[in-house]
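In this document, chain identifiers A, B, C and D correspond to the written order of the chains, with residue numbering beginning at 1 in each.
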Amino acid sequence: MLENEVRFGKLKEECGVFGVYNKDRFDVARLTYHGLYALQHRGQESAGIAVNDEGIILQHKDMGLVPEIFNEVVLNHLKGKIAIGHVRYSTTGASLRENAQPMVVNYKNGQLALGHNGNLVNAAELRNRMEENGAIFQTTSDTEVIANLISRYRIGSDNIEDTLKNMMKDIRGSYALVIVTPKRLIGIRDPHGLRPLCIGLLENTYILASESCALDSVGAEFVRDVNPGEIVLIGEGGLTSIQTEASQQTSLCIFEFVYFARPDSTIDGVSVYQAWIEAGRRLAREHPADADVVIGAPDGGLNAALGFSRESGIPYGQGLLKNRYVGRTFIQPEQGKRESGVRIKFNAMKSEVAGKRVVMVDDSIVRGTTTRRIVQMLKDAGAKEVHMRVSSPPYKYPCYFGIDISSSSQLVASKHSVEEIRKMIGADSLGYLSLEELLKTPVGSRCSFCTACFNCCYPMEVPDEGDKLAE
Amino acid sequence: MLENEVRFGKLKEECGVFGVYNKDRFDVARLTYHGLYALQHRGQESAGIAVNDEGIILQHKDMGLVPEIFNEVVLNHLKGKIAIGHVRYSTTGASLRENAQPMVVNYKNGQLALGHNGNLVNAAELRNRMEENGAIFQTTSDTEVIANLISRYRIGSDNIEDTLKNMMKDIRGSYALVIVTPKRLIGIRDPHGLRPLCIGLLENTYILASESCALDSVGAEFVRDVNPGEIVLIGEGGLTSIQTEASQQTSLCIFEFVYFARPDSTIDGVSVYQAWIEAGRRLAREHPADADVVIGAPDGGLNAALGFSRESGIPYGQGLLKNRYVGRTFIQPEQGKRESGVRIKFNAMKSEVAGKRVVMVDDSIVRGTTTRRIVQMLKDAGAKEVHMRVSSPPYKYPCYFGIDISSSSQLVASKHSVEEIRKMIGADSLGYLSLEELLKTPVGSRCSFCTACFNCCYPMEVPDEGDKLAE
Amino acid sequence: MLENEVRFGKLKEECGVFGVYNKDRFDVARLTYHGLYALQHRGQESAGIAVNDEGIILQHKDMGLVPEIFNEVVLNHLKGKIAIGHVRYSTTGASLRENAQPMVVNYKNGQLALGHNGNLVNAAELRNRMEENGAIFQTTSDTEVIANLISRYRIGSDNIEDTLKNMMKDIRGSYALVIVTPKRLIGIRDPHGLRPLCIGLLENTYILASESCALDSVGAEFVRDVNPGEIVLIGEGGLTSIQTEASQQTSLCIFEFVYFARPDSTIDGVSVYQAWIEAGRRLAREHPADADVVIGAPDGGLNAALGFSRESGIPYGQGLLKNRYVGRTFIQPEQGKRESGVRIKFNAMKSEVAGKRVVMVDDSIVRGTTTRRIVQMLKDAGAKEVHMRVSSPPYKYPCYFGIDISSSSQLVASKHSVEEIRKMIGADSLGYLSLEELLKTPVGSRCSFCTACFNCCYPMEVPDEGDKLAE
Amino acid sequence: MLENEVRFGKLKEECGVFGVYNKDRFDVARLTYHGLYALQHRGQESAGIAVNDEGIILQHKDMGLVPEIFNEVVLNHLKGKIAIGHVRYSTTGASLRENAQPMVVNYKNGQLALGHNGNLVNAAELRNRMEENGAIFQTTSDTEVIANLISRYRIGSDNIEDTLKNMMKDIRGSYALVIVTPKRLIGIRDPHGLRPLCIGLLENTYILASESCALDSVGAEFVRDVNPGEIVLIGEGGLTSIQTEASQQTSLCIFEFVYFARPDSTIDGVSVYQAWIEAGRRLAREHPADADVVIGAPDGGLNAALGFSRESGIPYGQGLLKNRYVGRTFIQPEQGKRESGVRIKFNAMKSEVAGKRVVMVDDSIVRGTTTRRIVQMLKDAGAKEVHMRVSSPPYKYPCYFGIDISSSSQLVASKHSVEEIRKMIGADSLGYLSLEELLKTPVGSRCSFCTACFNCCYPMEVPDEGDKLAE
């Protein structure tokens, strides 16, 4: 259910970044457009593309989905040989157009554009430090902090490499960065490797992307992931790499596999789809159920349900239908007793669940309200029993690296036992995949994971809860 | 693949209709809004709602999706006790705002609003006849023909019942009609029952809808289908029914099960989902394959693939991912050799298909081009073999009842043998479900079916191909 | 003040029509676009263009101003050799997109497009008659009545000429019509000549327009006015004329000179500008004032003020400034005592009026409220005396020919004497131009005038006030 | 003609600023909205309002006109006790949303919003200096330079007063600034007084505005102009003033009287309307003409024409009509021989000019092309002679203080003699008001003027032409 609550504003989502370098001025903006399309699931609030045209940066960004923001005229205007793009998460509240990315800045050495996926934990401290020296900030985004640091370090430095290394020493948190300098496309992944970033090649064109599905979308070959703590610089001479000091223990956000990434992506050597299937299999072993059909909560639970079915031998079916057209401007039905019967966003597939014992698999339970309604919907459709299975552990602790909810008080699991939650959602049984098992699902991963939202083990010092900046 | 070709304008789609009668002036417009949401899959070009407010008809309609057209202000304006709504199919070419429905007309006895799903085969003839008498037509829609007939017959008649019976004697073709008169909500289904229409009840509120999923969406109970040739009139005294002479052999459009209807709907007693599962099972028996995984082409082939997997025992998997964000304003990639590798709308799930023999199930093959690209995509992703299975017979003949394509020349099956098509799409084998088997898939249906698009057996006289009106 | 009250919805305004015939398929839509631009003052609610392309009529129309509705893409789409265009007045209340013109209809002999400026007095009667015969009406506009009549008469007739003559016998009221038939451009002016229509020539291109300023705007030469009761038909063979029985006494709406027409237009041989100057001169003779400066209320009173100044010898000055940017979506200031000092739409020119005796000339006083505020504004700015002069007689009776206000109760002059009005508006003296004098202002006019709004002498039978159709 | 060329993008225009302080949280955003409406003539590209709500700054700004950008919902959202607003000039080329003002920044002491009218001549130098210290710039506007300076000086300073004084020592150029700090509304006028700024009072509400017409629009009383070099600080304790070192010789931009300001404004004690009338009078004395009518080029030449008429005794008339609806999205007529006759934006009033010797007064001649077309139009309408009179001297030198044109090569007067220009425009005679006479037109002004655009006497050192930043 995570996806559905996120899509409607309860959670912040991730962002997605994309970058292209082509020395022949091939249509880099159009490639970026298609790359962002493939990354749209990582952010639906705003999108932007910045292109370096002989040192001058042209850009276009706005609130909305990629196809709403760009058209042929705009893309044709964005000529150049280096481009970066960004899609940004959806938040509630006021439109914050100023926070749309990429951010373009003028500094001593010319123009620079940055796109950032992640969240710094010491941004406020760094802002204060720079404000003490007279800096002003026009947005509330971490990206502006990073841009200021780059600008400051560039002054005392002969080259961009040292500048970036110095900047990386200052910032703490999660980041996958794409940067356009007057001459180069740069990609940086934080030392813990919290956010993914990978490299692709399309003939002689280098590409950087948050996920490999964006490489597929433009027909590029996957080359490799950017390593935690690595800076890649792509210029006329090709790609060069600087490995800064990475964390001894890398910490890829486990949520990339549990929720964020597209199933056709491969991150750090692991297929997201296979991780989901594996999670379902392990869930079936850890929390078996005596049932007639396995269904998934669309769309986040479908693949784990498939894995559960494969492992348990219980047939897989489509037990819930999700209306593809319910979008951002949806008008709610009137309150009252009728509400209980309303099935606008989801509907149960009566012919699949009636008279059956149903296993329903989902990727997570956030507040529990949607899950309760769906369990009830299945029972109304005739399900004899509903066995809820969740392909991740209870989500209890706040994330400081990009997956924020206003406070942990909204997390049902932070205050309630599994049995209490089972009663709340009205299921006949409830089983969460244990963290131990979840960590085995990205079979063959070369990375270890950040699992702080499940076990409070943050890979670095984080601010006190009370210090979190209001949105 | 039918869905995907339709969504981008090669085919006309169906329409959807909805109607509400509530004597307490409950919020009928909002109910209709939610009903149309559930029927959005039947038409994405335009939508409209008309409300009868004490004999005056208020309406709002426009081009676009339901949530784009209506907002709280508009819905609050549409007060009344009878409402009808309509969603209309998507066509290429010029915006035809005038054709949006419902159509509101002033005639001798007051105001009338009509919503029509279907297609008349003798509309041109009827238009000519009325034009001979001086009528003018402001749209190209059949609905205006029906409105004119109603108006003309109403003059010589004491009551609306006779008027409608006379009108039904004149028109030939497919129609599910919802009508608001100054006092009543009326539903009519054509004598062949080509288009579906059902009745629901929400406390004391009567509802008419093209599909039962729209009843579910507003929390209403399914009462029954409107019978072929039946007129239902809903007024202060409740529902009354007039059974006009129905065709001896009813002819529900088989495409409702093969393609149009939402899987959670039940039409004429048959679950659409179960019909799809059954089609997949029969396809597995008729055209078995020696394979390692069964996948469906999203979204039309998914449920039949599930049925194929259940019958054959070959595991079901998600072998193709469809980008949910590719919409109407999508910008194409640049032409050229790169195109072959571009995977924008679909992507193959490498980890599911690599090294495997794959059965891919789809609901249809229209022109074959998309299918060819997907087969290639699967092979590029490492599939050893691709066995294509189609859950309907080759689609060869034009439809005159609502599913038009410009000419049968675009139908790959009308000019090519199965083997020729197999070669064109590059599959290792190809099997279509036979018509005989397809007709067995709506298990327990009380209707017989129109299968003219497969076998040229039209349930009534149809115009010569050459006579078809240009769009 | 008439203009200002009209612009914000208290009055209906006129419409404007335009037509082009060019046998070489010169860009007729673009000519029409520029013609409508020049006629925009006659209607700001909606605009439309219809083009006859080899018998098929293409059209585009929408709510809004001409430049908001049309762009290069649309104009390029509207190819053909005959075009008509229409701008429509502004009303309060709901958007009535259906009423936008031209209206395109299909009838026995093909397609027809009509644009109408005027108002029928027997439309309801004609609608009823046709509804008795089964006709349906989709709009509330008179144009649809005319289209239906044309269609009906065309059936029993060999030619369009007789059809139009028969139609003209049926309809009563004001009308300037432009019509596109499959082969011809047609212009018709009602037998009383209530609404203007003129003919222009641009090389071999014939043009019809409501006012001669539209001819100027496209560089065409003025040929002549269409005569009252005349039908002009423009086709391959050039222009032919049919003079139907005109009224013995023509009745051009005097308001065209007092208010509607653009000052650079010439109607029925008379310069609108000169008529305004003459009205000011006669006003100065009829109601002289002992004053230091003459000012006009922008924009309607400016030219009459100039005439007043010329005749009286009192200097002309700009005493009031009107904010050009106050438009349709203007947000009102908060109510309260502050309001009195607020000068958003108008401001007094202190340096021109302070310490002076001011003559203020306006074209009319409708409700009196705006006039009262402006008089007060002038006094606050230091004017010693304000002598109000109105360049038309008191406006007392409703118009049935296109200039409707909801009821005469809103007309301050219908219930109050001149002295009462003077007190209400706070002026030191008040003088209206007499009807006798007003009729002398269009010097050299070949027409006589309809002055019903001033003296209740309607040129034909009109409905009882109570019978007027609600908007 | 200046106005008309400016409106369509050949020139940059000025900006307008507005500020309100009301301790009772009266609706300051709505007051600002109406103030900006009155200042809309100073900038049509973008508009914005920023409100200080208990130290937090809320803002809304966008491209477009004031009524297009704001609505009730937005204004209700902008609650607070201090507000500033800004309207910005129109430029050609790409939409530069980032440059819209006010600019809101976070700095050491909280949030700050600035609105700036004017242009710095040493902005590039200041940017470079700050970039050397690591500052980054996200816009190309001078306002960001000012914001950075304020931020930097605030650090080493105990109070805002010293900060502002230091900032003013650094910047050179023209500026009228309105600033919101956490506690105060601040207004600053540059030491030369190049741009106007005045103070108003509405009960207990202080107001700052570029022109006095904005005070009128909200019903406020004019208090006084801000003095050159003065800082006014408005807070809980009322208004305090700091007089920094002003230039010995003040230099109000003479163009404010010649072109920018609204005629109902009073700047530095002089009525703009009276200055225009006076310019016309002096023009009549300096360049008399033997003629029958005096007309003005709308709208910039109308008042000077009135002055010319009063002085010369030649009757004033409306010889040209300007179409009020020709706006930003206007589609040009097709090129070719027809163009010469096209009169879309202007039309000559034949009945006023035919057979007459005409004096046409305009405020300026920029490139001469529009003037040539209008002279021709008058002759085509029958004018026997056209005597062109310009109420300002030839405009020859670039302005560095806000009225930029890309280069002086576009100024017809910079390369041609008066006689050459006369021939180019086809007039029978041509006379420009001399600078000596122009300087006498703001009768009673307490300021002296910057006249650099006429005589190259810049009030401060300006960059070389070649150094001007590309737009």
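Just so we're on the same page, a residue touches a chain if its C-beta (ideal position, glycine included) is under 8 Å from a C-beta of that chain, and two chains touch if they have at least 3 such contacts.
These figures come from a predicted structure and were not determined experimentally.
Q: What chain is the most remote from chain A, judged by the mean position of CA atoms in each chain?
A: C
Q: So how far apart, in whole Å, are chain A and chain D when each is placed at the average of its C-alpha atoms?
A: So the centre of chain A lies 48 Å away from the centre of chain D.
Q: Chain A to chain C: how many Å between their CA centres?
A: Distance between chain centres: 60 Å.
Q: How many angstrom between the C-alpha centroids of chain D and chain C?
A: 36
Q: Pull out every residue in chain D that's touching 2 or more other chains.
A: In chain D, nothing touches at least two other chains.
Q: What kind of graph do the touching chains make: line, ring, star, complete, other?
A: Per interface graph, the chains form a ring.
Q: Name the touching chain pairs, would you?
A: The set of touching chain pairs is A-B, A-D, B-C, C-D.
Q: Which part of chain C faces chain D closely enough to touch in the complex?
A: Listed in rising order, the residues of chain C that touch chain D are 27, 30, 33-34, 37-38, 40-41, 65-68, 70-72, 75, 202-203, 213, 216-220, 262-264, 266, 271, 273-274, 302-303, 306, 309-310, 315-318, 321, 323-331, 333-334, 338-344, 347-352.
Q: Provide the residue numbers of chain A that touch chain D in the complex, in ascending order.
A: 77, 97, 103-108, 112, 127, 131-138, 140, 147-148, 151-152, 154-155
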